[in-house]
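Both of the next two complexes hold chain A, though its partner changes from chain B to chain C.
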Partner chain A sequence: MSSPEIELRKLARNLLERKVVDLVIGYEDSEAGVRPCFIKEPGEVEKLVWNPDCRLSLVRYLRGFKEKKVGIVAKGCDGRAIVELIKENQLDRKNIFIIAVECNGVYKPVKYGSSKTRRQMAEYCEKCEVRVSPIKDYLIKSDEKALEEKIPKGDVEDLDWLSLFRKCLRCMACVRSCPFCYCTECSIEGFKPALVHRLVDPVELFTFHLIRAIHMAGRCVECGACESSCPVEIPLTRLYHELNEWFRENYGYVPGLNLEQAPPPLVFKEGEKP
Partner chain B sequence: MVAWKPKIIAFTCWCSSSGVDQAGFEGFKYPANVLTVRVPCSAIVNPSIVVKALEEGADAVLLTACKPVELRKIAPSRITEARVSLLRRLLKTVGVEEERVRILWISSNEGGVFANEVSRIVEETERLGPLNLRGRMLEQP
Partner chain C sequence: MRMFSITEESLKVFLRELSLKHVLIAPFERDGYFEFDVLKNPDVINLNYTNTRLSPKRFFLPQRQLVFKHYPRKGFTEEPKEYSSFVLFGIRPCDASALSVLDNILLSPPYKDASYENRRKNAIVISLSCTKPMAECFCNVFETGPIRGMGEDLTFTPTRSGFIVEARTPRGVSVIEEFGKLFRKADGEMLEEYSRLISKVLDEMNRRLKVDKTRLIRIEKEAGEEFFQLNAQRCIECSLCSFACPLCYCFETEDCLEKDSYVRFRGWDTCISPLFTRMASGLDPRVTKADRLCHRFCHKLSRIPLAFNAYGCVGCGRCVSLCPAGIDIREVLKKWG
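What follows is the complex of A and B.
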C-alpha cells in the first residue's frame, strides 16, 4: 500500500468523524478495476484506494450533491474541471472540500481480454503540466516518479479523423462521462429539430463530433474522461487540445488554471483580435 | 453529364442582406448557386448550423456580416469572426479544407462588392472541388 493511500484514508476518516463533510467521493477497487465510491460512514474509509488506474473524473458526480458538503479526491485535471464549473456557476466552492492528490499520470485503459502486463501512460497525461489541482483544501503529496512507459508521439495531422468518426457507435459515453456536459437539454440529443439523429447515418457522426468539439473549445481540461470511456478508442482529447491551442494562441487563455480569469467569450472587447 | 456546380449557403445578416438586394437593384450579376439565408444578426449563426450545412451537402458556407468599425456597440461581428476562425481551425484539424467556411464584410450599400466577392468565392470553391462528405465518411479504409 502506498503512502498517499494511507494519508488519504486517515484524512477521509478525520473529515467524516468531525462532520466537516457529509460524504467523500473517491475510488475503490473492484473486480473490473477501479471504480468510484461514495463514502458516508467513517468505518468505510478502508475502501479508498489511490493508484495510476484512477483515471475516471469524479467531478461529474459533484453536481448530484448540490446541497451537501462533499469531499472529493481530485487529480490536477479534476481540480481544473472544478475551477471551470465554479466559473460557470454550476458548483459552489463552499460546499466542496478538495482533497488534491499529486498525480503522476494515469494508465491507459486496458482493452477487455488483453493481457495486463504492459501498461502505458495515457497520451493526454504527457501533455499535462498541472500535476496538482489549482485549488485545494488539503494536499497529499506523492513521492512516486512519473510513469515510465510512454506512447510514441504522433501528430494530429497524421490521424484520419473522418475514418475515426466513422467508427463512432454514438453510445454517448463521451457525453455521459464528461464533467462539462451538464446541459439538461443537449443540443446533440434532445434538440428539435434534431441536428443529430439516433438513426445510424454515418455523415451525422461528423456533425456530432464537430458540434461536441465546438462546445468543448476553451473549456476542456483534457482529463481524458471521454477518451478512456470510448469503446472504439477515438482519441478525442487530441481534437479538443487543438481547439484549446487556438484559445491559447488568440487569448492566452488556458481553462481551469485561475478562478479569477473569466472565459474569453465573456470578456469580449471591441477592437480585440478575434 | 451535367457539370458539377458548387452549392454555397450564405447566411446574410439584416444589413448585408439589404446589400444583397442592392446587388439586384443595381443589376450586378452573381452566380445562382449561392443560396442566401437571411438571419437577424451574423452572431446568431450557431457554428453547429454551419457544420450541419456542410454535412447536408453544402460545398461552402459563407457568413456575411456588418463591418466591425460600423457598429455602435461591442461588435457582434467580432464574435462571428472569432467563431469562424475557431471553426476553420477545427475543419483543418479534421481534414476538411478550411476555405469552405468564410466570412465576408458587406454593408447595406455594397451590392457590387457582394457580387464580386461571391463570384470569386464560387470560382475558388470550384477549384477545391466537391466536399462529398458523405462519400468520404462512407468509404472503407
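What follows is the complex of A and C.
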C-alpha cells in the first residue's frame, strides 16, 4: 500500500469522526476495476485507494449531495471543474472539503476485448499542466507514477471526425459522466422541441456532438471522463482541447484556474465585438 | 454423425468461398478493438480476438430501423419487406446463446417481432469457441459457453490440429454439405480433445465464479433496498450497459414528418434512462435510480426466467467491463445465487 493511500484513509477517518463532512467520495477497488465509492462511516475508510486507475471524475456526483457537506478526492482537473462549477453557481464552496491528491496522469482504460493489453497514459493527461487542484483544503503529495508507455500528442486535424461520430452509439456516457453536464433536461434529449432525434442517424449524431462541443468550449477542464467512458473510444477531449485553445487565444481565459476570473460568456464589455 | 473437422488452410478457403456466395459478417480489428462488419475481403478477418467490443445484436435488432412509411396523399403505407440473408461468422458462444434467448422472447406467439423473425430466418450463425475466456466472462453460470452455446448453426472449436466443427441445426448441416470437400469427418482423437477442452475451460471458469442460477429467481422478492441504493449512487444513468448487452431488446419508436410522408422508426432504448417509464402525465412508476437498477437486474435474472424459461443474461461481461462507474452484475449473482 502506497503512502498517499495511508494518508488519504487517515484523513478520511479523521474528517468523518470529527463530523467535518457527512460523507467522503473517493475511489475503491473492485473486481470490475477501480470505481467510485461513497464513505459514510469511519469504519469504511479502508476501502479507499489511490492509483493511476482512478480516472472517472468524481465531481459529477457532487450535484447529488447539494445539502450535505462532502469530502471529495480531487485530481488537478477535478479541482478545476469544482472551481468552474462554483463560478456557475452549481456548487457551494462551504459544503465541499477538497482532498487534493497530486496526480501524475491516469491510465487509458483497457476495455472489453481490447487488442492492446499494455497500459498507456491517457492522451489528455499528456497535455495536462495542472497536476494539483487550484483550490484545496488538504494536499496529499503523491509520486504514484506507473506509466510505462507514453503516447504522442495527437492533433485535432489528424482524425476523420465524421467517421468517428458515425460509430457513436448515443449511449450518453459522455454526457452523464461529465462534471459540466448538469442540466436537468438535456437539450438533445428534449421532445419539445426535438433538436436531435432520439434515434440514431449519422447526421443527427454530428449535430449532437457539435452541440456538446460548443457547450464545452471555455468550460471543459479536460478531465477525460467522457473519453474514458466512451465505448467506441472517440477522442472527445482532443476536440474540446482545440476549442479551449481557441478560447484562450481569443479571450485569454483558461477554465478553472482561479475563482476570481469570471468566465467570458458571463461578462459583457462595452465595445466588445460579438 | 455431426462432428467434422477442417484444417486452418481449408478454413481460409471456406471463408473466401463463403464471402463470394453470401454476405459475410465477421470480426476484424479497428482502432485497437474488434468489431463485426460486412466484409468483402475475407483476408482481413482476424481470429485472434477475445470478443468484439459491441455485441452482434445490431444485425438482428438494428439500433434504428424503419417500421413503416405512410403517404397520406397517395394513400398507401410502405413497409420493409424481405431482408437480405447473411452469414455471421466468428460470433462467440455467449452471443449466439443470446440469439436463442431472443428467439424465445421475440418469436413466441401470439406477438412475433416480424423484422427480427425475418432477419433471423435468413441468417446463418457460425460460432467460434472461447478457449481463453476473459477475466470479465462468466458464461459458465448460465451454461451459455465457453465452448458450445445455444442458438448457433455451426460451432467451430480451435484445437491443435485444426478446427472441430459441430453442426447444431439442419441449416448447419446444409452448409457443411454445400462446402463438402473442405470438411472431413472428425476422428476419435479430435473428439477426445474436444470433450477434454470443454471440461478444462469450464473447470477454469468454475473456479473463478460458481453460482447456482436456479436460486436467482428469488431476487425479485428479496431484492433489498440497500444493495441497489449503494450501486445507484454510483450509476451515472448512461445507456451503455443496455446498448452493449447482447440481450437487451427494449425499443422505442419515433414518428418523423417528411415532405410527403410520415415515417416511424424504432430503435434501442434502455430501462436505466429516466425517460424510459415517464408517462405523458408526468407519472413515473420507477422514479429513483435504485428502482431502475433493481428493475434491470430483476428483469434479467428473475422475470425472463419465469416467463420464458431462459435467463436474461449470457455472461459475456460487456456491462461489467464497459460500465464507467464499475457496476458489476457478478456481485448480484454472488449475493443471490
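Basically, the second predicted complex is superposed on the first by the 261 of 274 C-alpha atoms of A that agree within 3 Å, B and C clash if a C-alpha of one lies under 4 Å from a C-alpha of the other, contacts with A are read in each partner's own complex, and residues count from 1 in each chain.
One rule holds for everything that comes next: a contact is a pair of C-beta atoms (placed from the backbone, for glycine too) under 8 Å apart; a residue touches a chain by one contact, two chains touch by 3 or more.
All values derive from a computational prediction rather than experimental measurement.
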Chain A as common anchor, with chain B and chain C clashing or fitting: fit
Which superposed partner A:165 touches (first chain B, second chain C, both, neither): first
Touched partner set for A:210, first chain B, second chain C, both or neither: first
Contacts of A:198 with chain B and chain C, given as first, second, both or neither: second
Contacts of A:64 with chain B and chain C, given as first, second, both or neither: second
Touched partner set for A:124, first chain B, second chain C, both or neither: neither
Computed vertex angle (chain A) for partners chain B and chain C, CA, steps of 10°: 90
Touched partner set for A:231, first chain B, second chain C, both or neither: second
Partner chain(s) touched by A:30 [first = chain B, second = chain C, both, neither]: second
Touched partner set for A:246, first chain B, second chain C, both or neither: first
Partner chain(s) touched by A:50 [first = chain B, second = chain C, both, neither]: neither
Shortest span in Å between Cα atoms of chain B and of chain C, once chain A is used as the common reference: 11
Footprint overlap on chain A, comparing chain B with chain C: none
Residues of chain A that touch chain C when the two form their complex: 30-38, 56, 60-61, 64, 111-116, 169-173, 175-177, 189, 197-201, 225, 228-229, 231-233
Touching residues on chain A, where the partner in the complex is chain B: 156, 160-163, 165-166, 187, 195, 202-207, 209-211, 213-214, 217, 239, 242-243, 246, 250, 265, 268-270, 272, 274
Touching residues (chain side chain B, partner chain A) in the complex: 47-48, 51-52, 55, 68, 73-75, 78-79, 81-82, 85-87, 89-91, 93-95, 133-134, 136-138, 141
Chain C - residues contacting chain A, complex: 29, 31-34, 48-54, 63-64, 134, 136, 230, 233-234, 236-240, 243-244, 252, 254, 256, 265-267, 273, 275, 317-318, 320-328, 330-331
